[in-house]
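Below, subunit A partners subunit B and then partners subunit C, in two separate complexes.
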Partner chain A sequence: MRAAVECSGLTKAFGSTVAIDNLSFKLPANKITGLIGRNGAGKTTLLKLIAGYLAPTGGSVKVFSENPFNNVRVSANLIFVDDKMTMPQSLNLGEILEAVGGFYENWDHRLARGLLEYFNLNPRQHHHNLSKGMKSTFNMIVGIAARCPLTIFDEPTVGMDAAVRKDFYRALLKDFLQHPRTVFFSSHLLNEISEILDDILLLDQGRCRLYMTKDAVKEFAVGLQGKEEAVAAIAGGSEIFYRKKLGPENLYLVVPNRFSEEELLAARRKGVEVSAVPAEDLCVYLTAKHKGGIDDVFDRN
Partner chain B sequence: MMSLTETSVPAVAWKQYRFKTKIYAGNLITLLAAQLLGLLLSFRGVGFSGFSSETVTHKIMYISGDIIVVITLIWAFVVGYNLAGSSFKQDFVFVSNRLSSHLSNIAYLLTSAVIAGVTASLGGILLRVLVVLAYGGQSHFGLFIPPLDLAGGIFAAILYALLVSAGGYLFGMLVQLSRAFIVLVPGLLIGALYMEAKTTGQARLLLDAVNFFVQESSYFLFFVKVFLAVVLGFALVIFFSQRMEVRK
Partner chain C sequence: MLNGDSLTPIYVQVAEWLETEILNGNLRSNERVYSQYQLADMFNINPATAAKGLNILADQGLVYKKRGLGMFVSPRAGERIRRKRINRNLKRLAQELAMEAERLGVSREELLDLIAEAWTQARKEELE
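This part shows the complex of A and B:
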């Protein structure tokens, strides 16, 4: 299948800070991909490079096989939704939807008005008078109703309450199923969004740490818990993603899931508990600088 | 697969132009308010002179529509400057590239200049009528303006408004490029005048530049001068913003 976005050796530096570091990946069309990473991992920079707001320092990014920077064709097929979208101050929400709809060929005005009503946004209100969460909600409505072949959400749920977030994920998924498109979605809340995701791209210090389907991420690692010697013996020399002491004798380790059924069975017999690692936890472990997490800082003393 | 939308720079620029006439409609209200203020200020007269003897008191009041024009030109500059500051951020939220953004801005400034030029000229006429009605007496020019003169006046006013708003746009874009230009441009201007005054005892640079346009008596040459200056300004803006990144 043709890729919607293709990065090769993509690099972006701001002065001496390298935000995106030699990044290469292909984003398949018509999937919802989650862009996960910690603060400062380069998520927003990557999305802005794809949207053509920023020019790469090195390497290349292609959107629908074209360079997105200063490209009106890419721009017409892409929408970038975040909490900083500049909306005209002189128009009210209803008028903004009217005016913005003119830019997008696939714009669904009925859907936009329907969502506006559902989320209790008064079309006579002005964007700059909205609360943070309502702004995000309005921007999200624009993003969904625009039905762009490439829809980018950069932390779109800022300020939204839990109920609105839940409705938003559902609205996005419903419209996506009827009108498949490529969605690239950055968020801190992997647990919440993982339900709607196909793939997960984990970014760490401007590099791709992990890029696979959501299901593969769930299988990627395994947690071992039990007596220290027993756990260490099973883990052997394999890479350790996370280590946590549980009391004086017990140990919890997260290691790559490269065990056969028999090995896991043998582990259980030795009193080692084998558990799955939730995707969100795994992403935190993989991008942590200290293998023991915040506890390391305190245990040093 | 959702099919890709095909589009072109002129098509997008046209949509952006329509969008801008909507979202910047408030500019026109500011213009009318400013011109009304100019009208009120002019009505008081720009100067008096008079003499009186034992039997006769003679008073001459100078009334001119210049204030309206000056205020209109200030408005045009501000519109150009603000457009450079806000439109870039606004345009790239939706469909745009750099060229389409500039083209739609140029079209918008052109429209504004036409409206500003026409209303400023008509404001001058309104002033004459009001003065005659209010003070009576004899207006020096009379009330009648030959249509060709009126058309020429409107034409010139439009060109002035365009020139000034393009200047504001260029300045605004420089500021977008680097905040330092806010200080740098006036600084350089004043510095150049100062140095010139110090070395030659005169500061003719700015005056000459203004006179280059103002003292042109031929409408055609005036048009050519303004046209070339404006094209040069816009070309500069388009050229140096090609690699400009979108800040939000």
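This part shows the complex of A and C:
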């Protein structure tokens, strides 16, 4: 499949801090990919490298086979949406839409005005007077209506309430169905966005921890809960992503999902509860530095 | 309609929903099935996930493909789905019932009574 973005050995250091560390991956065209990671994992740096806002200190990044840094052909085909988008102060929202529309070939003005109205944004308002959530909503509208072949959202839902976030995901999906494009989307709310995603890329300290389809992530691990001995026996020597003691005798383990139907049934017979591990939780466990989580800090004393 | 927290993957849930539509007679033999894009819009899911659900049905021969036209319900698909569900779902549910009954110390007779009661209830609701 044609790659929209191709990184090879991509590295970006700020002084002695390595934000992106020898990262190689290909982002397939016309898919929605979620970029997940803890605070400081390097998500924004990676997106800015792709958008051409930053130059790499090592390796390369290609967007539609071209170097994005200082490249007008790439900028015409790409939109980067985040909460720091600067809009001209002298123009109102309606005028901004007119102006922005002129930049992008596939811009849909009717859609932009329709969304503006739906989300109760007054076209005569000014961007700098909007609340945090309304700013995000406006930026998101620009991001969707631009219909850029590569659409990058960096934490687009900051400040949005739950209802607006839901509408936004649906608007993005509906427009994507009509006009497929490559969407790269960073978020901390994986559970909310996971249904509309094709793939998930999990970033951990500037490196790729996991890159697979969303369905594969959901089936990657299982949770086992029950009496300590029974749970340990079923887990055997397998890798443990997360462990939590529940009371004196009970244990909850998250382990790789390598069990057959029969094994899972046998586990249930022994009183071990088998549960799915939400993708969001799994990503937290995989990037945790402490296997027991925050409890470790308290248990030390 | 779909449950994101379930152990059952979304694409399997999509396949099961389509099976139920066929079983209920909402989709008849040789009728066109929803496209992956219609399903994606209906359930607010990624079209690739929807396609995966459709493919499960296609792999089992419950739907067939007409090039350029989409997927259609195979003849006698409803009956085959019914057989399959008895063999798989009903048996699994029965196993879980038996296991839970054992944990709770419920006897065979008590359990059978409960099932008989549920059966009567379901019939009554259907007649109403």
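One rule holds for everything that comes next: the second predicted complex is superposed on the first by the 301 of 301 C-alpha atoms of A that agree within 3 Å, B and C clash if a C-alpha of one lies under 4 Å from a C-alpha of the other, contacts with A are read in each partner's own complex, and residues count from 1 in each chain.
By definition in this document, a contact is a pair of C-beta atoms (placed from the backbone, for glycine too) under 8 Å apart; a residue touches a chain by one contact, two chains touch by 3 or more.
Being a predicted model, the structure only gives us computed values, none of them experimental.
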**Q.** Touched partner set for A:S75, first subunit B, second subunit C, both or neither
**A.** first
**Q.** Comparison of subunit B and subunit C by subunit A residues contacted
**A.** B
Q: Mind working out whether A:L177 is in touch with subunit B, subunit C, both or neither, as first, second, both or neither?
A: second
**Q.** Which superposed partner A:G236 touches (first subunit B, second subunit C, both, neither)
**A.** neither
Q) Now for A:K218: first (subunit B), second (subunit C), both, or neither, which partner does it touch? A) second
**Q.** First (subunit B), second (subunit C), both or neither touched by A:P149
**A.** first
(Q) Going by the contact rule set out at the top, does A:G9 touch subunit B (first), subunit C (second), both, or neither? (A) neither
Q: Report for A:V274: first if it touches subunit B alone, second if subunit C alone, otherwise both or neither.
A: second
(Q) If I apply the document's touch criterion, which positions on subunit A are contacted by subunit B in one structure and by subunit C in the other? (A) none
Q: Could you please specify the touching residues of subunit A with respect to subunit C in the complex?
A: 31-32, 169-170, 173-174, 177, 191, 194-198, 213-215, 218-219, 265, 268-269, 271, 274-276, 278
Q. In the complex formed with subunit A, which residues of subunit C make contact?
A. 2, 4-7, 9-11, 37, 40-41, 43-49, 52, 95-96, 99, 103
Q.
Under the stated contact criterion, what part of subunit A meets subunit B in this complex?
A. 29-30, 48, 52-55, 64, 70-73, 75-77, 79-80, 82, 84-88, 90-91, 95, 99-100, 102-106, 147, 149, 179-181
Q.
For a test of understanding, state which residues of subunit B touch subunit A in their complex under the given definition.
A. 1-9, 12, 15, 18-19, 22-26, 86, 89-90, 92-100, 242-243, 245-246, 248
